[in-house]
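Next come the structures, one after another.
Two complexes follow with subunit A in common, the first pairing it with subunit B and the second with subunit C.
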Partner chain A sequence: MADASLAAVAQPAQCDPDAAQRARRQPLAGRRYALEIRQHMGWQRQALILAIAFLVGLAISAAILVAAGVPADELANEFVMQTFFDGQNFRAVLFQAAPMILVGLAGSLAFRARFWNLGLEGQMVWGAIGATAVSMWQVGPETLRLPLMFAAAIGCGLAWVLGPAWLKIRLGVNEIISTLMLNYMAANFLLHLVYGSWKDPKDNFPYSPQFRAFERLPELGAGVSSAILLAAVVALLAWWLVGVSRAGLYLRFVDANPRVAHANGVPVRRTIYGAVLLSGAMAGLAGFAVASGQEGRLTQAFYQGYGFSGILIAFLARNNPLAATVVALLVAALFVTGRSLQVFYQVPFSMVQLIQAIIVVCVAASDFFIRHRLRRVGAEAAS
Partner chain B sequence: MPNALELTGIRKSFDGFAALTDAHFEARWGEVHALLGENGAGKSSLMNIAAGLYAPEAGQMLVDDNVVRFAGPADAARHRIGMVHQHFKLVRPFTVAENILLTAPPPADFQSHGERLRGISRDIRNKASELGFEIDPARRIDALSIAEQQRVEILKVLLAGARILILDEPTAVLTDHEAARLLQTVRGLARTGSAVVLVTHKMADVKTYADRVTVMRGGRTIATLEPGATPVAELVKLTVGESISVQGFQPAKSPRGAVRLTVRGLRSAASAHGRRVLDGVDLQLHAGEIYGLAGVGGNGQGELAGAIMGLPDGGSSLEGEIRLEGHGDLKAMAAPERRNVGIAAIPADRYGLALAGSLSVAENFAIGRVHTGRYGPAWHLRQGRIQEDTQEAVRAFDVQGVRSVAQKAALLSGGNAQKLVLAREFGKSPSLVLAHSPSRGLDVRASAEVHARLRAARDGGAAVLLISEDLDEVLQLADRVGVMTRGRIAGEFAQPADRQVIGQAMVDHG
Partner chain C sequence: MSGSIVLNWLASTPDFAVPYALAALGLIISERAGVLSLGAEGLMLVGALAGIGAQLAFGQPAVSLVLAMLAASAVSLLFAVMVIWLRVNQVIAGLALVFFCQGLTALVGSLAEWTNHATNGIGGMALWPLSLLPGVGRLFEQNAMVWLTLPIFAAVAWFFSRTSAGLRLRAVGENPQAADAAGLRVALWRLAAVLAGAALVGLAGAYISVVSTKLWIAGMTGGRGWIAVGLVIFARWSPWKALVGALLFGCIEALIPQLAAAGVQLPQYFVMMTPYAVTLGVMVWVALARRGGDDEPGALGQPYVREERR
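And now, the complex of A and B:
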């Protein structure tokens, strides 16, 4: 009976003759339409709908910016020309993009295992703390210092998500709460360090002493940091993991239906642990990319906003690693543009977050058109 | 005296499947009227229509000899019809009084929430003592036993004003003592003039407590009788249909082999009030035979299948043993290992356990064998080989409607989805096949193909455990028949078995 009642809920139009009639009685825009649940849509049309939603989001954002005092004819110039075709600004975008790509990938991977890792910032903080500890305590010879910082960042990020993963898988503790709360612990511990024992003795500002030259991610030339190369390599590894390896197939089954996965011999727990720990490791690397690639030291608020951006990137990219890389570049461009708007037009930086939110809402709403279809009822009556 | 409730010529289908084709039912004021039939006979669908949950496609409904149409359960409640569902509709963290307040008619004048709660609590206590039991309105639902929750459900519909009371399989979850108490309460209600509809598959309840009985089979009403004047054998025959069992039964070509699977004393953890879903299952399964396990649904079949497949829920709390010859106790084995030792499973819940509807046909096929390394090492899936294998299997098992192996499995029809499961599970010759309701929801042709595959597996030397609520299916396929009731094997029968005897064993709870 459960099956039958489910069918009744899922397809009201088919089993309830009144539904069609009711729909006919509701005119929309002067014509009569019926709303149906759509079973399937090709990926090309899905991509088209997503692109339209993205453009609608941009249009609304542009309208708000114009209302905030940015001249309309300057918008395209600021957003597109200045950002992507000006060498210096494009370098700034790449500079900004490296940690953005890493947190986006971290989000995508965890979400693929149905694990809502909202602790990206906390893991990022710990990644940066781990890397800085290697610098502070001068672990290893100079040539090995950077690889050791890299490894420490991975280890610390991974360790910070291990607890929530264990609690979720063993005891069913909601990971949304546990990862989110651990962010505050990580952030306060960071403050404890930069205001306390790790404070730079030179000028007493709340940050760690400057990293030595060999502790910083090298420049690739033309002012581009190797952090972006690191992010690109991690993106390729993530793509290989979810698209090429056997673990990717296991992840798709865990994502689609954990019970089906289990019954078909997928090692569900190991798959979830693997994806979540890798997610933590990538977030840790993002912390390393900021500390060693951008700031050159541990600062007190470097992580702010990355958690939300990571979730947003993963969501917009539908957890696809390559798409996440592209979206991260766009978000980074938005950040850079936002900063120049701030300088030139006194638009507050929170406008950038508003634009992010508008685009997310538009894309999320577009899902409705992927899952439903509006059909003209008149056409049906004629056939 | 007018009929309390009358339904005539009711038709209803779900997604193309006709649940009710021509159903009739009438209940008089002051009687307990039993509605008898096997699973899937359409009893619950018909009563859900009477309670306003479903809209019928054809037919007429009368309450007190007036034609009615319900837009929803609230409408039915206004016509004083109330239904207690098999799965209770209670908000578990709420108290008894809060749950009942949810459906109580609003008061005529303004009352604060506290006043209403106090008022309803008083009504609950009065009504309960009228019915002969006690209940604390301030207790939370999740602190109550199943029998107490059921009383809350009954109070809920009565306090909402119901005079036509529909109880869907009310005794299925109760102990014998609790069931007897409930049915006496229900008789008391009928004596005060209410009409009570008792949806059930238990002959004993019908004989003892019902004034009249209506028998349904295959979406139709077969007969309405006086249970006192009808022998039980006649009722069983009407319920399960004429004997057509021996048709189509094909015994194994060669004698069965050695014991392959031994289940001994399998018990699941006891619930809060001492009931065990699996309560000492003992069975032996030989190579080269089909063992058909018949029984009314909900007697532990799903849990037995889950225990053999190694599903996570309850797996660790099982007592007893499930020994696969040559591999020891299965309980110590994780689900992936069980696949490796040659267990093939065709679960009843196709999209809940067998297939991931949102993934492609090829992915659903490959998941069965990917761990063997056939599709490349862990770091590289060989997509080409997966596609070739899937295409071949789709052809060999005649899975229709696959335009491309990259299409979603959810787009396949029921029969073709099941064939895809068979193609995956029978691709490597299994040593033990677990098939749970393998032809549920399939049309005749697809069922016949599924059955042929099961026979072929048996003739190839596999031990086949067929769990089915469809007695026809069991009698057609099985070399031996077992009957499962209340979490244990109540009896075993050699083929050709007497359909009446098995039907009787299925409904006896002694």
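And now, the complex of A and C:
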């Protein structure tokens, strides 16, 4: 963090040259610093501070990994070379990225409407349950099965966020608590299904029967699943929605100031509902991408970690859909690396969560240096 | 027969209620000073892990509980620096704290191999004259922490309503500008409140691991920290109401094993949903019953910035 503070303070911006002179003559201990809110900072400087924060986070993470027993000289190799420049591993990253992009988009859309949708995991679970229900009950002909599963996942994810959205908008119920409670309920319902009536009769493990071939997202070729294509299309749609469409403009209005937006004739409630419900739908799609694109069935813990990653992606990408796609790829790479570290160095997978949290802390803290600056003032000036 | 089930149920309620009560009390302290503490779930995990680690090392429950409080306070220092001095959005910082603690505790727990190692807990302690009552006497045989919780609550309630320090702390949370003008160091008061609150939340976590289950499993708090956050809203930031709410949740959680023992056939996973469903219901009830007067600390969740353009 020290580097970031230097970068933020480097620019001398005293308005009074005499004060600067006086301050320079002060002994070090007598100097005072005033904290000011920075009105504006160029994007290059912002990007620099963000990059420094990110690097500090990575450095702390690397130190923890070394402490946990990963040889230091292997780290760069594991993280960068193996993950991005090895064909098989890169396919694994893309494989992992599809649901990651979808939850990241889901998070950013809800946060744009100032709705803390922490229920991404619950909506994902319901999306997967909806898709699996279509498969279990064999709804529709074979050719229509996949689109029906797709639609069911969207519908279920959307339905699971409808309650918290309504409670928040109509009654002012805190959505952080309500969406989290619904996560725990969805997770228990999932267990009820996979340990109960939906358990695979073939081998008695807690998962649903395998999907048939036409119920799985097809391969594009070269081992790449079409789930990533789905995620890319959704990302483009989200970019169009928030960047180009009228609804995106409304969203920016509502985010900036709901009351002024209302006074200007923006349909505030409908905009918030729309963003939040779409967020749930995207999280539901992420569940579909895991169930139909990765596992090929409903499993008991597939959703774990996605909720936090979705929030992290949205936060790091500043709720921008295209940036979220890039960040989601990086987080997916972290997941893939985490799994290989688990196999080769017995590092617990929870390390991945810790690294994500450290990076969030560093980037959140760096925001301070973007929004404030320290200005040195003389002791007389301060008193 | 049914009478003994009710008695068993009531006798086991305090054991389930104590973590909720202590966590909610810790949250009240920090939120009364204006710092929104969403990190309770994470700090409970830190307390639970530190408690079991100390218990495996020293075997002294009192030492373990104190060390757990210190550990949670130490971790919350990170949160305090973020929200008080770096002015990070308190929701973001709280969430980051939870995820940081989840990752950290799961990592340390498995690297140190503390998972699933049973320890000796603390024994029962009968509250003397009452425990001799026929029939209901069993209700008064609880572990020492249950009895200790009551004076802790009384002390905090007394602190808030009867001491000048308590008044200052509330002033900092209610109107930091006025408190600052009156000469209070807002940042330091908030720091003290966050650290003290985190200690109680850590104690709640350590109670779960050291006293109740007597072992560590990653993520063992299972959302109790979040329920405590909801409980504080339900209690309108009042310690005694939080104690009542905690007893309510303790009753519900204690009912689950009693019903199973009585042979009532219920779908297991639906039963496990009840604490979360009740929390949701309570939140809705609070929203519906909210009257004109609002007891929420006025500056809750807002960083204090002195004399600055905003």
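The definition used in the following text is that the second predicted complex is superposed on the first by the 341 of 383 C-alpha atoms of A that agree within 3 Å, B and C clash if a C-alpha of one lies under 4 Å from a C-alpha of the other, contacts with A are read in each partner's own complex, and residues count from 1 in each chain.
In this text, a contact is a pair of C-beta atoms (placed from the backbone, for glycine too) under 8 Å apart; a residue touches a chain by one contact, two chains touch by 3 or more.
These figures come from a predicted structure and were not determined experimentally.
Trainee: Scan A:Q138 for contacts with subunit B and subunit C and give back first, second, both or neither.
Mentor: neither
Trainee: Which partner, subunit B or subunit C, touches the larger number of subunit A residues?
Mentor: Tallying touched residues of subunit A, the top partner is C.
Trainee: In the overlay, answer first, second, both or neither for which of subunit B and subunit C A:N77 touches.
Mentor: neither
Trainee: Let me test your reading of the model: by the given contact rule, A:Q356 touches which partner, first (subunit B), second (subunit C), both or neither?
Mentor: The second partner, subunit C, only.
Trainee: Determine, under the contact definition given at the top, whether A:A247 touches first (subunit B), second (subunit C), both, or neither.
Mentor: first
Trainee: Regarding the shared-chain residue A:A263, is it in contact with subunit B (first), subunit C (second), both, or neither?
Mentor: After superposition on chain A, A:A263 lies in contact with subunit B alone.
Trainee: For A:H192, decide between first (touching subunit B), second (touching subunit C), both and neither.
Mentor: In the superposition, A:H192 contacts subunit C only.
Trainee: For subunit A, give the residues common to its interface with subunit B and its interface with subunit C.
Mentor: none
Trainee: Under the stated contact criterion, what part of subunit A meets subunit C in this complex?
Mentor: For subunit A paired with subunit C, touching residues are 35-37, 68, 116, 118, 167, 171-174, 176-178, 180-182, 184-185, 188-189, 191-192, 195-196, 308, 311-312, 315, 348, 350-358, 360-361, 364-365, 367-368, 371-372.
Trainee: Mind listing the subunit A positions that touch subunit B in their complex?
Mentor: 1, 3-5, 7-8, 11, 14-18, 39-40, 240, 244-249, 252-253, 256-257, 259-267
Trainee: Contact residues on subunit C for subunit A in the complex?
Mentor: Within the complex, subunit C touches subunit A at residues 38, 78, 82, 86-89, 91-93, 95-96, 99-100, 102-104, 106-107, 110-111, 218, 222-223, 226-227, 229-230, 233, 267-270, 272-273, 276-277, 279-280, 283-284, 287-288, 290, 305, 308-310.
Trainee: Within the complex, which stretch of subunit B touches subunit A?
Mentor: Answer in residue numbers: 12-17, 19, 44-45, 48, 53-55, 57, 86, 309, 311-312, 334-336, 338-340, 345, 347, 351-359, 363, 366-368, 370-371, 375-381, 408, 410-411, 441.
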